[in-house]
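One chain, chain A, links the two complexes that follow: it is found with chain B in the first and with chain C in the second.
Up next is the complex of A and B:
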């Protein structure tokens, strides 16, 4: 990971190279993914069968969406550890509040979004106005969100509403709906970041808040916005999980924190902030998910599954940095 | 997620308090033989109380305690999955002068020193279900285990009856290396010969009892194995969301040997007609393990008659093929997260899980 960070650090200071770097981050993660698919097809063909792919794609979509949220925060030089609480809270609000009644679902979604905005504002204000360390502030918010999870659910799972199961768990043209959600959100994030004034300002502030302030940009507002939008993305992910799993637990967000950071790094975004790569992040989510499917399909003991995942992740990042050195040598 | 335990904990204690307040009195029957004449106080100590299974179990324990009028005071503490808190719970209950402690020692041998010191201070200490190590009469008064091997044997026998020529078995359990899953496998292997092939990685498919992970694991296994004749899982309800993967991949849901849950029973009733191979067999999920532990603790503390059983064996519960001991049960009007095999009435369970 250190390689990835230092590489991107260099990249930010070198404005001329940026368009090339975008292509490089995307090409690298895509090539790694293609390589992984080839390995899958050779060693564990069942993991690339349509049945396995369509069954696991919803989970890739979830990782992609939380990854996009984490990306926004990382771009501002922060990290959001309140993700588990945020996702879990959205899950329990979307399942416990409607109690399997379709007509209450929309209210539940609004309530979940309300919590998300509040949590995002809290994170944003603590980090950007009160200048608390992002790790400390978001851990606190996470604890607060988890108390909300218990207040809503008592820790007990509830069965999802049929409508949400259709919306989040259904398929159209053979593809799970969650994949459409992830694609749409990726396009939205990519468009806003890369093609709008507000997005360009957002990246500039992430790269250097001081320069941003000197240029007269509203640094704090943009930083707070990163946390709020991230929470809204986690909220979408949580609601989708509530539809994909029939009886989600109250702790469904716990297993998503690490993947969310991993896909941001694999996607080529520096943990120090600045430029973000939403498309690469989503491809990395697919990579990470396919990796775990591969490990499962190989049928080795659990310990070996974990090792395979770790090695492949290291390989993914390794490939990245080697390519960079070749590029920078020219 | 260490950082979230405090908040989880605070909310949990509120939930536990609400539950104990909300739980009304249960009709008093005549005094059971294990309830002696000596007055005593009793505490139920949970290592982790935050799911519906635990809430039903706690309510069952409380109901059992209420059968004995000699118990003058009952207390409950939830360790919230925190070993330190579990240890201090045990110590503070003993220090408060509670006579009998019934302990769900989730943290295993880590709580043994606390249990031992309470026992040495003259308390009746009955750990149950999770093995905490130590010896009876030295570290605690009595350990009431649950025979997971027995569950495995029961499943094995059913598989043998319904698939006499052998077949492919997919066995799913919780976290990697959990002793429950290993014991169950031992039980199954006692009964099943070489004609039965376990298609999962040794010793079992790891699901952490998490419905999302179960869904991923099952997806991979279905794609990998052209033929799965029977799935064995020690937590049936977490499978419910994953089973439609078979239908999605154009296959029938296979036979299923597992533990019971209301959501699972209802799922079977809705889907067995369209899935010809979907037979269901369940053992009781074991909420009543706590009853035996409480009976022992009360008997020892009040001078009552000791129960005959020393280990909890979960009885078979539903069998969709023979209808014996019961056909598949479903209460659509009640939450999915209750267990109809439990002695605690379904309505009382619904109340205990707060829905």
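Up next is the complex of A and C:
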């Protein structure tokens, strides 16, 4: 009898709390973003002006795309430090290979994608088959990718092709194209993760590789897949940067590593792996970008901006980890 | 002062106890009860343990034996009742009190740290006084010889067999010369020789007055060694006697007879004798030549005393582990991969392997059969929900909702979700390992009913259970295992609790695999040399030398005093920071913040350490540098240990914050570092910077502490296995926080080198030292999984990395090669280390 009552209690409390709990990361990060926008509108209206937004949105879009890539790796319990090399390589391949000839662009894109698949396979095989620590494997791959960057570019920037500048840097209906790319990729990742057989298995394996293995799922295949798809996303981000920036440097990826991890964490995905939140990750990218814009508009120097980001990050992790502990009943 | 009083009192008690005569009572338990929330684990236990004799505790799995031992050793506090030691009532038994009284316990799962050597395992677990007055190795050797454990002291404990680990555990307990020695199934993995040796030791210590409490399942052992026996059942004492006065039959009758308030479905009645599955000659993973058949419609039970190969057999049958022999399903032999595909495994450790705790009820129910609800790879939510609802109705799963977290369900309902998943995948065979563990009575019946239904439909069902009543009620045939052998196959009317228990406890099989023998010598002495933490030092030094000589042959200036000095100077800054990183990695963590911290500290110093500042200002500047490092280390440590951040998340946050602090202090490079300080720091001695010599000395000292001081063992203990380290009495949180502080302080030393190299407070510098330090540490052979590493290796790794960067410029190669070499170096080093480690472990 006592058992029956406690069951009922459970049913009620959980029944009410759960639908909210599932979308928790999305609610948290969206509300924070709205709050931030309100603060911006009040204290620093210039940071939410159309000009400021359309100027900074492409960067938010880039962070969103690399964040989606990092998300996939983090979901499998890893972390991908080869992101800077991957993005930089895509940038230089997309600029140096065509040398401003539009007709060579598609070949350059294919070459960049080929590198991405190779790097992803290397990471994936090292981590899932040879059981190397993800940090070591991806540091090594990053160095190899940078060696490719120098082989292609010699470390000097090159001017982008006009076609790419149109595709990546143009605007349609007032919005920069990169925003469309980021939105489309977000929808794709979210759809695949949440609605397809592959995605559902991918999340289950990330949540518990041991349970996945016990159920006979192909754990290693899915882990390799995470690294390959992540590289392809970095590659897209790199090509977009090559279009947005007139003369991109050979180190364009360096500044993206930390934000990529930060937006994944702020989006509510645990660094221990498992369920991923692609939409929240993209919103977090916008949030992080807007935070910088706000700081810039109120005259905070570059310095304090990163401190604000660190506080946001620490706060985010704190909020999620505390909720998580309550949620799991510990 | 209050702390002192009971301690003195305890010593008096211990002194009194040591004067007691054989036959006196050492420990008396009076009316002990223990309940875990609603579950009554022990009720009204009264036992007396006498000085100088072996007292066996007998009982089935779950009878309450381990709980009782945990109460005696102070791990659990009893809900009621009192413990007296000698004449004195112990009001509150804690592990510390127990240790002070001289109570030693050998756990069923040895508290041995895999990454430490045998000697270090002894020293980290035992009080230093046991090693005083003579070389530690001599004392340790004596302890090992006493239990007949003949392994090199410097061998890594990971390479010990399970039996050898048990002997090590026994050696630790014996060396404490305990008044009370608790042995929990000590012979489970021992062969005949080692068992005889152990019995010899037990006779010696009892002759010397120790009271031995011996937990066992085996009647044969009981007769050999024990004088008294107490039988527990359902948390109560069912009988106590002198061993010589009681027959085996009476003992078995006391053990069995558990009451189970669940009804079982009727057994298989048909005449069908077609064999749906047959297992022939399975060996490996502690299994020896296991054969049995599964006739169509029958449920097969696997029985035995816990830890006798049942769990391994289940994993082999599920295709999770390879084994020799054949498994045929419906007359077709299956490979391991096919088995993995077709078998549905219900694991016993539900929280680890059964459910993905982060996922919802629905997701947990469908992740192995998800394609059944999909068209062209796209899952139909409607079909999925309908499928899950149908199976949940059939299995009577009670869940607050499809999207509820799986852990919000009761144990029984979680298990039903696991069953739903198994059934949804339409398996060829169901392998259920302890299917009703942690499941309430009502749900148990449901689970039995479902298993019976599945079996009647023609799917073979194999159930492992430590509950003989359950096997009696559920199974048509029971295979009893002992030490990996089939000792009996019971069918028909013989499937009852009494027969099952009797077969399990009366078995006299011993571990007969020579490779697993406790007495057998470790394979080859040379092997352990190659697995020492410092093994990478020699090949690394060789690579450094060969590379140097090669470049020297191309360009003689490479080995000029000037260039060597330059390489070593750069290596010194990296070396100090990498030593700090080594500490973080030894603890199984990581510190991403070292790079920005080094840069930040240079910026801090750039305000004080200038030519126009007084000496006092400069000293203050250096003091501030160390205060800054200390603060960072404390913050990192606290975030990781007390705020539940992962090391990556915590040090990433400090990474970004410190970078911001640098930019707050200086927007642009400014504040030139004093030339005098630079000259002092960069002081040259031949081709060597004096600072480099300091680094070498620090590395050697740190290495010494790591290997030979308690602090070093503790550092590696927490990285090797936090839970075991805690059982051994390591202050885990303190060790972690101090480790991160030490890491930051070493980074501060590195930053002093760095400031003379950069020469100015530049907020953009230093960041690359995060990846650089990790690379150097990895090259040096420290494992990122914690517990093993070397400061000497790190030092050489830092030198090699700097040398490679220097070589590229010296040979006139482009930066392409610089990165290429770096990448190849990391990947190949990591691969080599990981492969050699796996080989030596396997």
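In this section, the second predicted complex is superposed on the first by the 279 of 330 C-alpha atoms of A that agree within 3 Å, B and C clash if a C-alpha of one lies under 4 Å from a C-alpha of the other, contacts with A are read in each partner's own complex, and residues count from 1 in each chain.
In this section, contacts are C-beta pairs under 8 Å (C-beta built on N, C-alpha and C of every residue); 3 or more make two chains touch, one makes a residue touch a chain.
Computed from a predicted model, the values in this text were never measured in an experiment.
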First (chain B), second (chain C), both or neither: which does A:318 touch?
second
Regarding the shared-chain residue A:139, is it in contact with chain B (first), chain C (second), both, or neither?
both
Output check: A:154 vs chain B and chain C. Expected answer is one of first, second, both, neither. What do you get?
both
If touched residues of chain A are counted for chain B and for chain C, the larger one:
C
For A:255, decide between first (touching chain B), second (touching chain C), both and neither.
first
Which partner does A:173 reach: the first (chain B), the second (chain C), both, or neither?
neither
Name the contact category of A:301: first (chain B only), second (chain C only), both, or neither.
both
Just checking: does A:246 make contact with chain B only, chain C only, both, or neither of them? Give me first, second, both or neither.
first
Could you pull out which residues of chain A sit against chain B in one structure and against chain C in the other?
81, 139, 142-147, 149-151, 154-155, 301-303, 305
Chain C - residues contacting chain A, complex
38, 318-320, 340-341, 343-345, 347, 352-360, 363, 366-368, 370-371, 374, 377-379, 381, 398, 400-401, 403-405, 407-408, 410, 421, 425, 440, 442, 590, 639, 643-646, 648-650, 652-657, 659-665, 667, 763, 771, 774-775, 778, 784-785, 814-820, 822-824, 826-827, 830-831, 834-835, 838
Where on chain A does chain C make contact in their complex?
2-3, 7, 10-12, 14-15, 18-19, 21-22, 79, 81, 126, 130-133, 135-137, 139-151, 154-155, 195-198, 200-201, 203-204, 207-208, 210-217, 258, 261-262, 265, 270-272, 274-275, 301-311, 313-314, 317-318, 321-322, 325, 327-329
In their shared complex, at which residues does chain A touch chain B?
44, 46-47, 49, 51-52, 54-56, 59, 81, 84-85, 99, 139, 142-147, 149-151, 154-159, 241, 244-252, 254-255, 292-293, 296-297, 299-303, 305
Taking the complex as given, what residues does chain B use to touch chain A?
1, 3-4, 6-8, 10-12, 14-15, 19, 49-52, 55, 176-177, 200-202, 206, 210-213, 215-224, 237-238, 240-241, 245, 248-250, 263, 335-337, 353-355
